[in-house]
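Residue numbering begins at 1 within each chain, and the chains themselves are lettered A, B, C and D in the order written.
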Amino acid sequence: MKRVLITGYEPFGGDDYNPSLEIAKELNGQTYGEYTYVYKPIPVNRFQCIEELHAAIAEFEPQIVICVGLAWNRQGISVERVAINVADFPIPDNAGYQAMNETIVEGGPNAYFSELPIKSIVGALREAGIPSQISNTAGTYCCNILMYTLLDAIHKGCSVKKGGFLHIPFETKQAAQKVEQVPFMDIQTMIEAVRIAAEVSIDTERDEMTIDSGEVS
Amino acid sequence: MKRVLITGYEPFGGDDYNPSLEIAKELNGQTYGEYTYVYKPIPVNRFQCIEELHAAIAEFEPQIVICVGLAWNRQGISVERVAINVADFPIPDNAGYQAMNETIVEGGPNAYFSELPIKSIVGALREAGIPSQISNTAGTYCCNILMYTLLDAIHKGCSVKKGGFLHIPFETKQAAQKVEQVPFMDIQTMIEAVRIAAEVSIDTERDEMTIDSGEVS
Amino acid sequence: MKRVLITGYEPFGGDDYNPSLEIAKELNGQTYGEYTYVYKPIPVNRFQCIEELHAAIAEFEPQIVICVGLAWNRQGISVERVAINVADFPIPDNAGYQAMNETIVEGGPNAYFSELPIKSIVGALREAGIPSQISNTAGTYCCNILMYTLLDAIHKGCSVKKGGFLHIPFETKQAAQKVEQVPFMDIQTMIEAVRIAAEVSIDTERDEMTIDSGEVS
Amino acid sequence: MKRVLITGYEPFGGDDYNPSLEIAKELNGQTYGEYTYVYKPIPVNRFQCIEELHAAIAEFEPQIVICVGLAWNRQGISVERVAINVADFPIPDNAGYQAMNETIVEGGPNAYFSELPIKSIVGALREAGIPSQISNTAGTYCCNILMYTLLDAIHKGCSVKKGGFLHIPFETKQAAQKVEQVPFMDIQTMIEAVRIAAEVSIDTERDEMTIDSGEVS
C-alpha cells in the first residue's frame, strides 16, 4: 500500500484554530487509487517541526508528502516553488524561540525546488474553480523550515519521492471573527484543493509548465 | 402578502458573470414569515438603472428592498452606510456613457443613510461565520446611483419602508479565472449572507449599533 | 488682509509625530497674493476638535480653511469629496472616548460636499508630480467630524467661503520606523501639496471636473 | 583604484522612465574612500541582461556590484536575500520573449544568497529615515536573472567580491501619472538609499543580522 502524508500545523500567532490541521485530519484515511492519505500535526516550533516530520516519514513511509500551512495575507492557494536554507523569524515560535538568520541544514544547498508538479497543480485548481497561484517564497519561518526539511529528506534518499508545500488563507469563519479584513476560503474548498493537489501529484509524471508566475519584479 | 425585493446587476467591466444577479435569482420565490422574495435584474447603465428600480418598485410594491452589487477589491460583505447625490464614473457604463460629477436627483439631499439595520446585519453575518463590515462609501458609480435612488424613493413615500445596499466580492470560480489575485467568496455563502441581511431587516425594528466602523482616517 | 487657515492634528494612535501638524506650522506666516497662511493645532478629541475649529475661525476670520489629517493606508494625497453627519469611532480618541453612531450636528444635513475645487486640486497636484486622488469617504473618526464641522460653519454663514479636507500618508522618516510596510511621502512634498491645494483654492472660481474618481464599486 | 558598479534598467512594461537607471547615472563618477562608482544600463531582455552584466564586470573590474530594479508593488527599498536558478516570466521582456520555467545557469545551484550585508543595509537605511525591508524573493523575471548571474560570477571567481540586488518603488512623479494607486519614493531619497547601501557594503565585513524578516508565512 502506498501513502500520501498530509501535514497541518497547530494553531499559532494568537489564533485557536488552524485550517491546515483540519484539512489534514479530514483527508486522513481517504484513498485515491492505490494511495491512502495519512496525516500528522506539526508544532509551530523551530526544532520540533523538523523532528515531527522526520518521525512521520519514518512511521508512515509515504511516497508523497504535502505540507500545508497558513499564510496571513494571500488570496487563494499558494503553491510554493522553493524553500531556502534559512530560518529567520519575524515573530517567535510557539515555544517563544525566535531564530535569527540560522541555517536549517548545515552544509545543505541554499535552496530546494518543490518536488511537486506545481504548475499542473495550479492549473488543476483553477480548472476546478479554486483561485491559486505559484508563490516564489515560503518565507523564513516554520513553513519554510518544514518545506526545506522535507525536500532535504527526499534528496537524501528517504521513502518520499515527491513532496512540497501549499500555503492557504484563513478559513471563512475564522476571518469573520477578525477586526481587520483578511483573505479567506471555505474549509470545504480548501479540503478539495489539497485533495486535488494530492491527486495531481499522484497522477503527474512531470510538470507541464504552462502557468505564468505572477508578480513582475 | 409582503415582499422583499432583491436586485442584482448584469455583468460589466469585462466579466460575463455577476454573482449579485445569481443571488437575487436564487432567492426569488423563497419566503420568510409573511414575506416573499422577488427579484429584478438591473443594467449597469447610468439612467436605465434608475428606471428599472422604479419599475420594479411599482410592479412588486415591496416593503423592503436590498440592492446587491459587485465590488472589485473588498474582502467579505460590505454593508453600505451612505449613498451620495453624485454620479462620477471612473469607467463608462455598459452603454459607454461616463458620467462626470453629475447630480442624481436635482434638489435632492447630499446623502441618504441606509434604511437597513446595518450594524445588526454585520453582527448577524459575523455570528453566522461570514466576514462582513460597514462600508462608508458606495462609490460614485451605478451602485451608488441605485442606492441613492432607492433611498430617495423611500423618503418620498413609496411602498418601501426599509432599504439599502450590499457590496459583495467576486465569486470563487470567477476569481479563479483571473490573473491578478482578488478577494472572493463562494456563491452559496453570499446567498446565505443576503438571506440573513433580509431576515435581519425584516426582524429588526431599530439598529443596535454595536459594531465598530473599520478604517481609522 | 485675507487668511487661509490650515489645521493639523496632534499625534495619535501610538505615534509621537503627526505630519499634518508640521505642514500647518511650516506654512504659517507665508503668503500668496493677498492671502496669509495661519495655522491651528487640533486635538484628536471627539468634542474639543469642534471647539478648537470654531475658536480658530473666530480668531482668524479666514476666507479659506484647509484641514489636513493623517490616513494610515492611502497612497498620495487624498482630497476628500464629502463629510457625513456621523461620529462612529473604530478606536477611542486621545481622551479615551469612543463615539458610537453619534450625530455630529443635531438636525444637520446627512452630508456636506467639500467646498474646495477638489478635481482642480487633484489635477494641479498630479501636474506638479505629486500622487493624488479624490476620496469618497473621510471615515467616521475625528477627521470626518472636523470636515463636517467646517462645512456646517460655512453653510451657516461664518467668514469662511471655501473649505475642505486633505488626507495625507505617513511621513517617510515615520514610516521607516514601522515594522509593517505603510504608504509614505516626504514632508517637503506634503508641504508643497498643501500649498498647491491652497493656491488652487484661492485661484479657482469653480471646479473643472475633469478627473475620474477612482475605485469602481 | 577600486570600483562599485551600479546597474539600472531601461524602461519596460509601458513606462518610459525607469528610476533605477537614473540612480545609477547620478552616482556615476562619485567616490567614497578609495572607491569610485561606475554605472551600466541593463536591457530588460532575457539574454542580453546577462551579456551586458558580464561585459560591465569585464570592463570595469569592480570589487562590488549593486544591481537596482523597479518592483511595482512594494513600499520602500527591498533588499533581496536570494536569487533562484529560474527564469519564468509573467510578461514578455522588451524583445517580446517570455521565458517559461527556464534554468538560468545549467548545472548551477538552485539559489545564491546575496553577498551584500543585507541586514546592515536595512538597518542603515531605517536609521537614515528611509523605509526598507528584507525581501525573500526577487521574482522570476529579469531582476532575478541579473541577481543570479551576478552571484554566479562572484562564486566563479571574477573580480567582484560583494554583490546583490535592491528593488525600488516607482519614482514619485512617475506614480503621479498613474490612474491606480502605487507605492512611490522620491528620486533623491532613492539615490541616497543606493549610496548608503554601497557605503555599508564597502564598510561592513560581515552582516550583523539584527533585523527581522517581515511576513509571517
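Everything below uses one rule, namely that a contact is a pair of C-beta atoms (placed from the backbone, for glycine too) under 8 Å apart; a residue touches a chain by one contact, two chains touch by 3 or more.
Just so it is clear, the structure is predicted and the values come from calculations on it, not from any experiment.
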Target chain D, source chain B, minimum contact steps: 2
Pair joined by more contacting C-beta pairs (C-D or A-D): A-D
Whole-Å gap separating chain C and chain D, where each centre is the average of the chain's CA atoms: 38
Chain centre separation (chain A, chain D; CA means) in Å: 30
Two or more partner chains touched - positions in chain B: 74, 212
Residues of chain B defined as touching chain A within the complex: 74-76, 125-126, 128-133, 172-173, 175-179, 181-186, 189, 212
Contact set on chain C toward chain B in their complex: 13, 69, 71-74, 81-82, 84, 86, 88-91, 100-101, 109-113, 119, 134, 136-141, 143, 167, 207, 209-210, 212-217
